[in-house]
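Right after this note come the structures.
Presented sequentially are two complexes of subunit A, the first with subunit B as partner and the second with subunit C.
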Partner chain A sequence: MKNTLLDLYHKDGTKKLLASLISILMGLLLGAVLIVIVGLSKPTIGNKDIIKGVQMIFAGILTKGLTPDGGLAWGYNAQNLGNMLFRATPIIMTGLSVAVAYKTGLFNIGAPGQYLMGTMASLSIALGIPGDSMPSWVIWLLAFLGGCLAGALWGAIPGMLKAFLNINEVLACIMANWIAAYLVSWYFSESSFRNVTEGTKTAYIYMTSYNGVATSKMGLDKLFPGSQVNGGFLVAVLIAVAMYILLNKTTLGYQLKACGSNRHAARYAGINDKRNIVLSMAIAGALAAGGASLYWLSGNTEFYWNTYQSLPGEGFDGISVALLASSNPIGAVFTGVFLSMLKVVGSQLAGFTAYNEYITDVIIGCIVYFSAFSLMIRMLLTSRKKKVPQAAAADQAGPVPAPDPSGDPVENEQEQEGGDEA
Partner chain B sequence: MTFLIQETMKFAVPLMIVALAGVFAERSGIINLALEGIMIMGAFIGALVVYSLQELTVFTQAAAQGNWLTLQGLSLLALLIAMIGGAVFSLLLSFASINLKADQTIGGTALNLMAPALVLFLVRMIAGQNTLRMSPPADAASWFMIRKSTFGVDKSVDWGFFGETFINKTYPITYLCILVFIVLSVLLYKTRLGLRLRSCGENPQAADSLGINVYKMRYLGTTISGALAGMGGFLYALTVDGCSAGGSVAGMGFLALAVMIFGNWKPLNITLAALLFGLFKCIAAGYSYIDLNGDGVFALADLGLSSYVYGMLPYIVTLIVLAFTSRNSRAPKAEGIPYDKGSR
Partner chain C sequence: MSNEYVIEMLHIRKEFPGIVANDDVTLQLRRGEIHALLGENGAGKSTLMSVLFGLYQAEEGIIKKDGQEVRIKDPNDATALGIGMVHQHFKLVDVFTVLENIILGAEDTKFGFLQKAQARKKVEELSEKYGLHVDLDAKVENISVGMQQRTEILKMLYRDNDILIFDEPTAVLTPQEIDELMQIMRGFAKEGKSILFITHKLNEIMAVADRCTVLRKGRCIGTVNIRDTNKQELSNMMVGRPVQLEVHKEPAQPGEVILDVQGLTVPSKLHKSDAVKNVSFQARAGEILCIAGIDGNGQTELVYSLTGLEKASAGKITLCGKDISKLSVHARSHAGMSHIPEDRHKHGLVLDDTLENNIVLQRFQEDRFQHMGFIRRSAVREYANSIIEQYDVRSGQGPVTVTRSMSGGNQQKAIVGRELDRDNPLLIAVQPTRGLDVGAIEYIHQQIVAQRDAGKAVLLVSLELDEVMNVSDRILVMYEGQIVGELDPKATTVQELGLYMAGAKRM
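Our next item is the complex of A and B:
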């Protein structure tokens, strides 16, 4: 028994998980410290509010509201949990997008732009095809695939610039983001999809349910009554599994990863590196855009189209999701759920205390910052391990970029536990 | 024409100074992707200084007495504190990438995520809304801007093309930034210290073998970079953002990175690149007011294109320009690679 535990500890995947958990814990602690400092420096915030704020940071998902005397009521909150899964759906997809690109050596900071292009395509299809001309599920499918295609094309542009003209993909992606932001605003400002029937709303697009298109609930609304959750979450999980298989069990995945580790060596081995860079960015783009499709096709959210003012946060959250999951597609599901939990907690925090929801983004930023040290944390864990008399200890030490596939199930089970605790 | 030049300067100077910030970091071997985040931080800290001083009605008193030297001095103070704030914030990046040898792209991205969130959180706590105006009731721009009335000259007096363009309705801080740009460029390219710093971005092992402390040099490069980005951020908040700071500088930090690459990591080229991008930014922001020859015909507005097209323009131009220049661009050789004494 003791040996199996030790073996588990020595697995690279376990150490990655531990490093991620340490990053999460440090991020949460810093968030709590910030809450306390701001609370103490602002006379309008009492000690009670500070305590409430700290409690919410660590366990806000389990709050049910306020008790009559102003304290927090705790318990199972189906609406919160359902909304958590609903909001996790797009960021799991953008997380997969960043993760797949990262595995192939590219940093896809273009997820926000790809997300917007997916939004544009799938909303146009879902609202543009007359609802009575074909079954609504066909429209849904067309809109989803159309969104993915638009994202793939948009993602391929930086890919081509990188492959053929040697432009840094980070810069190309950032420029593409802003171009997309203006493009989408321009397109919708001229389109007939603007919500004009509800006079109080400016710059909003109709919900897709206006045309009878909405993602099936697949029974999830029974589990989480009163929330916005729908089958899109399950689709995202399936896609995550598919990406895991693509990357780890297929020739294409091997080629993509080979280009990522060393482009020149891959070309020497007969792999078409330019094609693979473009392909990898196209897949990444399709994933990010697919996240947008799943989010907007839910039918219960409306899109604010003046996007040129700020890029969608879902795209940037994808970076955090992927980094925290060490670019493991299955891990991205859990980190995506975890981050969206923080976001739900943030809106709770804004509702129940004097603080505002941006604290969650601060925490996420800190977590990403700490996860940049994950290599260091893993090395620390390894050097501590050397004191244990174990012959094979030394060869675990190196920074191995690809995770051991056999270590993954373990990693992910624990990840979920970690997420729930926090 | 006056309008065009003034507006172009408004965008070009922050771009220039932040691009130089990028040069300092990259020449010392650290990719500073966090320029955007540091700008946001600098803008916020500078705005906060002005805001807190105004809480004591320092500015309105000085303005009422017409004491414009005090006003400029105070704006200088705010700029200085914004620079210090930027430098301190950039230490997070230096620490991660120099001491802990973390991935610099991730470290920079983390800072870019953290800065707007932290700023928005604090701005909300302080002002109860999403932007921190430097002076809620008063016209803050009038505190920092030179006008004819500053010198007691009547508005109707014509100062000629030069005076109207470069003195009337300008911010002295802008010229200070240009001065800093020149001084630091000379420092980087004409002094021993600059040579040492650049050597750490090209071949840190060789530099180390000659007794240069690579870690120290890289800290120096990133810290100067942070200070300059903070400076650019405050300037942006002052001129472009209308004396307010929110959690965004609208991608200026990233545009500055593009300017840096387009300018091939050299100050003179960067100046030209910044002017080009500034021009396009200016067209995007004010295309409907641009009247080149003063005959009352607004040529760009008459084209009838959507404002979104002009908004896109700077970014499209960036991509096209990069497509043509990136083959010849020569980045510092060792940028992005953590320095490890043991490796060769």
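Our next item is the complex of A and C:
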């Protein structure tokens, strides 16, 4: 038993996971320190609020409200948990987008633009096809796929620039983001999808439920009554699994990764490197846009189209999600849920204490910074292990008990972000 | 008397995950001697020197300077002790001038301003004294490899180092440059500087070294006086068994034409004119045809255009009777072409991927390795294991080893195994033994001859005169993009070959 535990510890994947968890914990601790500092420096925040703030940093998702004497009431909060999953859905998808591109050697900072293009296509299809012309699930599917396609095309543009003209994908993506932002604003301002029936809402697009289109709840509303959650979360999880399989088990994933890590060697081996770079970016674009589709097709979200001054945060959150998950698609599900938990906690924090919710954005920033340290933490873990088993390992310079055979280390079994709150 | 040795490394042990790189290695360097460190790839030479230079910390053992124990935690400590190193892959800033590179990190400043004039004077004196000719104002990206190396040497001298480590210094040099370097090294030794010379080229050791320490598989096999030994003994010590230094082969029996190249012209990426100019030749089954020449005379472009990595502007390439001039890399490869690339890191391997994935790099789409787009992992593993076994590819973790962590020789063996096992009628081998040790060279030469004997056509592109003379059945010499001579290795001399290579003679 002890040996199996030791083996598990020495697996690369385990160490990656531990390093991620430690960096998350350190980020949370730093967040707690920040909460205390902010609390002490602001006269409007009392000592009681500081204590509540610190508690909420670690376990805010499990608060139910305030007790009569002003303390926190703990317990299963279905609404919070459901909303957490709901808000996790788009950032899991953008996280996958960044992660898949990164695994294939590309940095997709274009997720916000792809997300917007997905928004535009999805909403247009979902609202543009008359609701009585076909079953609503068909419209939903068309809207979802149309959104993905739009993102794929948008992602393919920087991909082509990279493949054929050798233009850095980061630059091309950043510019594509802003083109997408203004394109989408212009398109909706000219469109008939603006919400003109509710007088004050012309800056918004109709919810898709206006046309009878909404993502099925798939029973999740029973588990999390009162929340916005729907089947979109399950779709995102399925897609994550599919991406894991694509990258690790298929010849396509193998090609994409080979092109990503050494384009010259791929060319030498007769792999079409240009096609694969375009394909990588198209897949990444489809994923980011798919996130947008899942979010806006929920039927209870309204898209604010008016005068876009900033890019959608979901796109950039994808970078954090992917980074924290060390670009593992399965890991992205958990890190996506974790980041969205912090966001839900952020609004709770504003409700229950005198803090505003932006402090959680600061904490998310800290965690992302620490995730960059996760490599260092991994090295520390590696050097620590050296002392005992080296003698054994040294004797068998041949086939040492290898890491997981399926290529990349699997780190799906035990990852539970919720675990570190308890 | 304790000062007989300027540097002593005693009982050094250094481990990496899964492998002991140095095990109880002792090396003692006398003042004013040239001490060679000989060993196969992966024997632990570079690791040992990295320990001395402070790049790695040894787990056990001590280092003494002038009899005093010292701790070298990083290269700054090493520099402070007067230890300098010329790395195999130069550490120069391409866009800086030679002078700027030399003073980088040891700049003299006055009120925050660089004092280049003083530095220039010192460098000029050094360069004069040791015959190290460099153009101080040229940018590193524009100068020859030989001059880059002299820049590295001047860097050490500028820092007043008196213990000089040369890591495989001759791998990148032309024969003339090698001779020059040997002269320079002797000059240093006369000055009382001590030199550690890492190499696996026996000729050079015999020519220049005083003593030689041999490493094998991380262990110290012994230190010998060069005066009392010979090449055969050294190579036996290094490899651990008697090695054939000569290639033994039967006369060739050329058969039908496998590769027919007519009027091939390839534009250059570096300059306006063509890199390959109207080249025509034929390679036959059962012969080793060698393209010889000094580096940069169009061999690389010729191979790129044959394999499809670069487009030719004119000419026709026929492989086994099929016109392949317009085909893709993939199609050519399937038409019957194996290719051992010149640069194993750039083209040969995806370094961050596993050994098994690299072994199926061209073949992963064959039905035996995939089903409906899903990789058959067990089939890949089984095949990789068979290649590993058959071609004796050694690595820390077998098929799942990341190839970056393997030694150069084993990386090359993996590539050779992969290419030969595809069993194609044509093998293009470009510099197949570059940077390898005697044991690996012997092995790869045997494999190439075996291919020939099995009726394959082998096109060998080589810069090494020994290889050209020993392995090939027929030699074509390339000079400035043209084939200027066809020679029979049995009927020619190295001198004559050299004349063709230098462009002094044409057929």
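Keep in mind that, in the parts below, the second predicted complex is superposed on the first by the 393 of 422 C-alpha atoms of A that agree within 3 Å, B and C clash if a C-alpha of one lies under 4 Å from a C-alpha of the other, contacts with A are read in each partner's own complex, and residues count from 1 in each chain.
In the analysis below, a contact is a pair of C-beta atoms (placed from the backbone, for glycine too) under 8 Å apart; a residue touches a chain by one contact, two chains touch by 3 or more.
All values reported here derive from a predicted model rather than from experimental measurement.
Colleague: Look at A:S261 in the shared chain and tell me whether it touches subunit B only, subunit C only, both, or neither; answer first, second, both or neither.
Modeller: A:S261: touches subunit C, not subunit B.
Colleague: Taking the superposition on A as described, I'd like to know which of subunit B and subunit C A:A203 touches: first, second, both or neither.
Modeller: A:A203 contacts neither subunit B nor subunit C.
Colleague: Tell me the contact category for A:K249 with respect to subunit B and subunit C: first, second, both or neither.
Modeller: second
Colleague: Just subunit B (first), just subunit C (second), both, or neither: which does A:S189 touch?
Modeller: first
Colleague: Comparing subunit C with subunit B, which touches more residues belonging to subunit A?
Modeller: More residues of subunit A are touched by B.
Colleague: Just subunit B (first), just subunit C (second), both, or neither: which does A:V36 touch?
Modeller: Neither partner.
Colleague: Going by the contact definition given at the top, which residues of subunit A touch subunit B in one complex and subunit C in the other?
Modeller: Shared contact residues on subunit A: none.
Colleague: Within their complex, state which residues of subunit C touch subunit A.
Modeller: Against subunit A, the touching part of subunit C is residues 15, 17-20, 307, 309, 328-334, 339, 341, 346-354, 357, 361-362, 364-365, 370, 373-375, 377, 381, 396-400.
Colleague: For a test of understanding, state which residues of subunit A touch subunit B in their complex under the given definition.
Modeller: 34, 38, 42, 107, 109, 161, 165-168, 170-172, 174-179, 182-183, 185-186, 189-190, 308, 310, 316, 319-320, 323, 355-356, 358-362, 364-366, 368-369, 371-373, 375-376
Colleague: Which bits of subunit B are touching subunit A when the two form their complex?
Modeller: The touching residues are 33, 92, 96, 100-103, 105-107, 109-111, 113-118, 120-122, 124-125, 247-248, 251, 254, 257-258, 261, 306, 308-309, 311-312, 315-316, 318-319, 322-323, 326-327.
Colleague: Please output the residues of subunit A touching subunit C within their complex, sorted ascending.
Modeller: 249-252, 254-255, 257-258, 261-262, 264-272, 382, 386, 390, 393-394, 397-400, 402-403, 405-407
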